[in-house]
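For clarity, chains are labelled A, B, C and D in written order, and residue numbers in each chain start from 1.
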């Protein structure tokens, strides 16, 4: 059974950056773990599949996959089976990231499969209306990320606060329990603080941390900001 | 640089079967390694991504990914980056398996990326004409697999020998060097022997080994048959 | 502006059957129109794109496309532009049929584009939970069609009434206005009557009519049954 | 049976531009027809599906679809059936345009289906190596279009002549008969002349004509240039 997560959440999406590939994957996870130990803030990491097992073995913070396919064990060459992901020690998965979008019926199936395996589902959505649709699928978390701000350095929480408040409003009409994260352009502690103040429970962040000169310092800054 | 492969080739595609997932992945690889050690026949394995690193670390036989995406390092959540795959110790990848088909331009790009990283490309094709098209992309290997025979237990090398000879003929008009494997329904040593006799250099096999009662015995049978 | 539809709805999905292709497209539409004239029941048809204009010109019943792409005018070779569809005289479009599924964000975009063009959106969904997600996108109609019953001759309204009642319940929690249709296996008037009795407002039907020996008689039977 | 095409070829890809949608579709075709009548140069047009029938009925020049799906008549909602396309009077189809790319096995199937229906296949390719692969599928025509130059106004025939000569060389190693067109950035008569001089038999052009102030004049300029 999954424990209920308390307090603000920071999930670091490794994507497929050089800075988070190979040996860098574990190093980055150790920095995230250090921040978690120092601040007690929930910090999770989402490495690439080939490094998932090594990362999960090396740290005690929660580890997520970046994608899972809507399949059961069988003849599905080149697909991502949740049993295999779970076997690495990962506790959940991102689903439907704007860079890896799924058909609606597949999102529903992956959320269901994830739940059946006692794992966390974090479904990404590109706007408030899509977030409401996702909410109806009852995942554990929704991450709202306007694609035009991803990797832009322009924080959604400051540039487009109405997207976040609009998302929260529409999502809550459909689902009161789902955890709402936001992402895209989050680069500074103040962006995290702004996101939480608007009513989200955390952030999904990628380049802001992965490509930072000193990722530890940025995660630390995010964690401190989330405690205020 | 990749060494040139001599003699018949057996590649075991793990797909996403329970029998090849998690701890089973390494166990199956060790059986394949044992056959290689005993017979000196080239036996490779293609596990799922999440188990790729563990398998590659545990055995000395060649390890392949089942799929790689046509990307360079960057913002590609949920994709398979070849740098990450190579970092595990894998020596190559399957491409365009009938269960994970790609756009033509993506196949071309993945073959090129694979070559640039000094790794083997094994491109699957569903019929002779498609095999000829693949041959023009100059991969290291082509694996012809009629989808209707995959997992059927009806060996392509015996049920449809004309597909194999037709493939070889069309491929050789375009490309004299590429290694030609065949697959689909290969379950017995005699199927392997038939495939080699028709002019292929080996087999790509999945359920015939992965779901066998005694996978070691079947790989061994295949290897022995390939030496005749 | 779209007029509000009153009374039960029958939409005939032509798919790509021989019986509904080419000259057959207009003939079938004329049969549907005859039933509409005789019974006053709302009967719409959804032909293939290449026959859309001819059908829309030949009959006065509502005509739907089977699919529209999430694009604006521009460089999108081979895509379906709503402006082009609207230009034929069609009044709406099916979206996300189980045989032509879309990414979630694309469904949202097509529903929005359809609304902006003053046309009807009929979004298909494969189960109750997915229907609820679709409802959050506020289309004009939802058509619930369990894929395993499509073309089976086993009517969803009789074989799996709980899917329909479950859908209605979940959908109404999210959206009180959307029209709910059901489909899959609908072959007889009594299947239509059962669907309406369960609380739907109509049916989306394909092979039950298109491949019937006498399509006029079946549409007529459906229309009569829907009036009881 | 298809007649053999003699002399240079100009095919106008309408894409989904406003300038080629609705009533504009027939108007543009009439301009192309006028040029054909005046110059005897082969000029074909490729409108959107919903306008295909109207265009084919209105002009005597060859009309192409922009895309066809790899299907036979059956339950394929929202797909493009070649029988339906042929019924409009179209003589062929574009396949695998960079804006509507297909899996390799689907390209092969559509080329085959097109041939079986006595229609022309024009398969697009993004680079020389991919063109060679396409050539192995034996379509009637290959159109090489580097995606980075599409819609750029920078003519491939002048900016990257080596792509065209490289394509011709690789294609001819595999297939001596296939007609080779080039496209991307073709805006002036001199671009067409350059393309023919490099050894192609014609051009596939879109925005250069569709979005021109006076499309008739540009088609006329192209046709004149192709006769030199």
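Methods note: contacts are C-beta pairs under 8 Å (C-beta built on N, C-alpha and C of every residue); 3 or more make two chains touch, one makes a residue touch a chain.
Treat the numbers as computed from the prediction; the structure is a model and nothing was measured.
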Which of B-D and A-B has more C-beta contact pairs: A-B
Rounded Å distance, subunit B centre to subunit D centre (Cα mean): 37
Between subunit B and subunit A, distance of the C-alpha-averaged centres to the nearest whole Å: 34
Per-residue overlap in subunit C, given as positions that touch at least 2 other chains: 98
Touching pairs among all chains present in the structure: A-B, A-C, B-D, C-D
Contact set on subunit C toward subunit D in their complex: 13, 15-18, 21-23, 48-54, 65-67, 71, 73-81, 83-85, 87-88, 94, 97-100, 150-151, 206-207
Of all residues in subunit B, those that touch subunit D in their complex: 96, 98, 101-105, 107-108, 112, 125-127, 129-130, 132-138, 170, 173-174
